[in-house]
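Please read the structure below before turning to the comments.
By written order: A, B and C. Residues from 1 in each chain.
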Amino acid sequence: MGKLFDAALVFDYMPAILSRIHITFLIVAVAVAGGTFLGLLLALARLRRVPVLNAAAVFYISFVRGTPVIIQMFIVYYGFPLLLGLAGIDINRWGRLNFVLVSYVLNNAAFMAEIIRSAVASVPAGQTEAAWSVGLSGFQTLRRIVLPQAFLTAFPAFGARVVNAMQDTSLAFTLGVLDMLGQAQAIGIRTYHVLEGYVVVALVFIAASLLLEKSFSWMGKKLLPN
Amino acid sequence: MTFDAAYILVSLKVAIRFLHVTLLLSVIPLAVGIAVGTPIAVCRKFRVRAVSQAANILIPVLKGIPLVLYVLILNFLILKPLDRLAPYYAWADRLRVMDKIYIGIAAMSAWAAVTISETMRSALNSVPAGQYEACFSVGLTRTQALRRIIMPQALKFAVPVLCNNFIGLIKGSSIVYVIGILDILGGAMTSAQINYRFLEAYIAAALIYWMLCLTVERVSWRLEKRFKLKTGG
Amino acid sequence: MIQVRGVRKSFGKNEVLRGVGFDVKKGGVVVILGPSGSGKTTLLRCINFLENADDGEMTIGDLSVRFKHATKKEILRVRRRTAMVFQSYNLFNNKNAIENVMEGLVTARKIPVAEAYETAKRQLDKVGLSGKYDAYPSQLSGGQQQRVAIARAVSLNPEVILFDEPTSALDPELVGEVLAVMRAVAREGITMLVVTHEMSFAHDIADHVLFMDGGLVVEEGTPREIFTRPKEPRTRQFLDRILLKYDYSI
């Protein structure tokens, strides 16, 4: 057993760990895209107060926001095959990554729904009334007047959510996905040097978080000049 | 394998016995986070040289590290030296095999200090500059201004966010299961080890976390309402 | 007696004050006029150390300080000899009217609570807010808030009260009540240094008027001198413009 921490190994491990960064990017991209789409549907169900669906959305959002993402991941992993099995679909041969993707989409949908809902609710009623008064339909009002304004309000919270979603991906390894952290642990088991690997992963997350934050605040300034 | 809701109840009964572990892992870090994060935020607000410069660089960096890495790295940093000492010192050996909850608390506390210092910073910034100036104009010192005028107003902003931070700590504490601490999640898992009812066990754990978070949310609403009443608007 | 000499202040490359000096006699009312951006407000804020001036010195009574090198203690002593009334009132939002007045007395001046309460009551009565002791700032109109702010300043019994455009944020119909209170304060013989655009106040109440432009005192004198025989073209131009705009108030 060598030194507790060998700085040279940080550079040695860097390429092997960075080679798994696409997994992280994939999870974030799918989670944010899928989560925003599903979240929009959930938000609409709540804003329009669609009977049954509204109550279901409230229940769903509260559950997702009130439970750890790590547990959600395992519930999806064990529960999703059962659920789809009822419908006659067999996904027992799915790779673990697919379950991670599904659970992160479902997780982000709840957060995105709340961001979208409160942003839409913050658009003054007068805007909607004005849109109706010039003869726009309900859908046109939403798409052309309300959502563009809500988008600006939601943007900072959306950016913060994306950064959070990226940090949450660090838990995918618990399901056995070989992402950066999984790779660091695999190296650690082989070489008894796990700390160096963790440091590499930490550095990558720091860089990615700072980069995301900076670009979102830059975009925010572009969108909202005042 | 089929789903049997009755097993949820079985797992619930086991997992609830570990409620205190999850509470220790979230309440202590909340307290540490407030105790450490507030002075950091105050130093940054008043531009106290050494502290604020260090914090301006460190906080954004530390904020970028996911909680699970805090847990894994601290676990390693505490256990490895103990491993080496263990052959020579009995106390080191005992610490090594002891419940690792203290490692979990330390890691959660470090993460909480970073998060909550940011909460308190935006809380201090939420108080208009004119309030600070008015304090100074009637001759209050910085400490007096903070204690009597600024903090009471900053708290109105901070309390709901702190409650959110607390919810984040409760949920985040489940991560310590990766270093083998038996909290609500770990406890639920022990029940599944016997009967292989994993899905039911995870649902049971989720239900407990959900109830905890809903309770905190309730308290948050109450506190917010009280603050609104107190300043008459 | 207050003496201010050679105050300089820059924000980055922008030199806002370029060596300003003036005197205020005990019990005197000095009004500072000038176009926006002339440095009037910055000057007041420097005197109270809300901005750190780059150069200059000041004497208040027996206390002399150099702006650049003032220690924390000196700053606190200056602040305890002065009081300020802000454009945006800046009442403590977490305190009701009477607590707002008591705060400086009890916490900064260490006056016993019972005594401070009596003082605060007296001052609030004087500004016509007898019924509003328990009202929080959010429950008061702008004019009422500013009157509480004036009571807060007067109760500290400072050597000078600095007024920073106290009526500029008010709706027009509320300006009168605040000006009336300021006139009453002036009549009590309290030393006042006032930045304002209210020409009637400057004309009737001030015993000395400073006209500032471009970070300098361009002209000073009695209100009569400044308003009727301004020597400087810049003063004349400013007065023509402002009197045209505010002709109802003189």
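Rule of thumb we're sticking to: a contact is a pair of C-beta atoms (placed from the backbone, for glycine too) under 8 Å apart; a residue touches a chain by one contact, two chains touch by 3 or more.
Source: prediction; values computed, not measured.
Within the contact network of the assembly, the step distance from subunit A to subunit C comes to 2.
Centrality by Cα centroid goes to chain B.
Relative to subunit A, the most remote chain by averaged C-alpha coordinates is C. Between A-B and B-C, more C-beta contact pairs join the chains of A-B.
Taking the mean of the C-alpha atoms as each chain's centre, subunit A and subunit C sit 53 Å apart. Separating the centre of subunit A from that of subunit B, both taken as means of CA atoms, is a distance of 21 Å. Remark: subunit B and subunit C have CA centroids separated by 47 Å (rounded to whole angstrom). Interface residues of subunit B, counted against subunit C in their complex, comprise 128, 130-131, 133-141, 144, 148-149, 152-153, 230-233. Here subunit C touches subunit B in the complex through residues 48-50, 76, 79-80, 82-84, 86, 88-96, 103-104, 107-109, 135-136, 138-139, 152-153, 156, 162, going by the rule given at the top. Within the complex formed with subunit A, the residues of subunit B that make contact are 1-3, 60-61, 63-69, 72-73, 76-77, 80-81, 167, 171-172, 174-175, 177-178, 185, 198-199, 202-203, 205-206, 209-210, 212-214, 217. Listing the residues of subunit A that touch subunit B in their complex gives 4, 62-63, 65-72, 74-75, 78-79, 82, 167-168, 170-171, 174, 181, 194-195, 198-199, 201-202, 205-210, 213.
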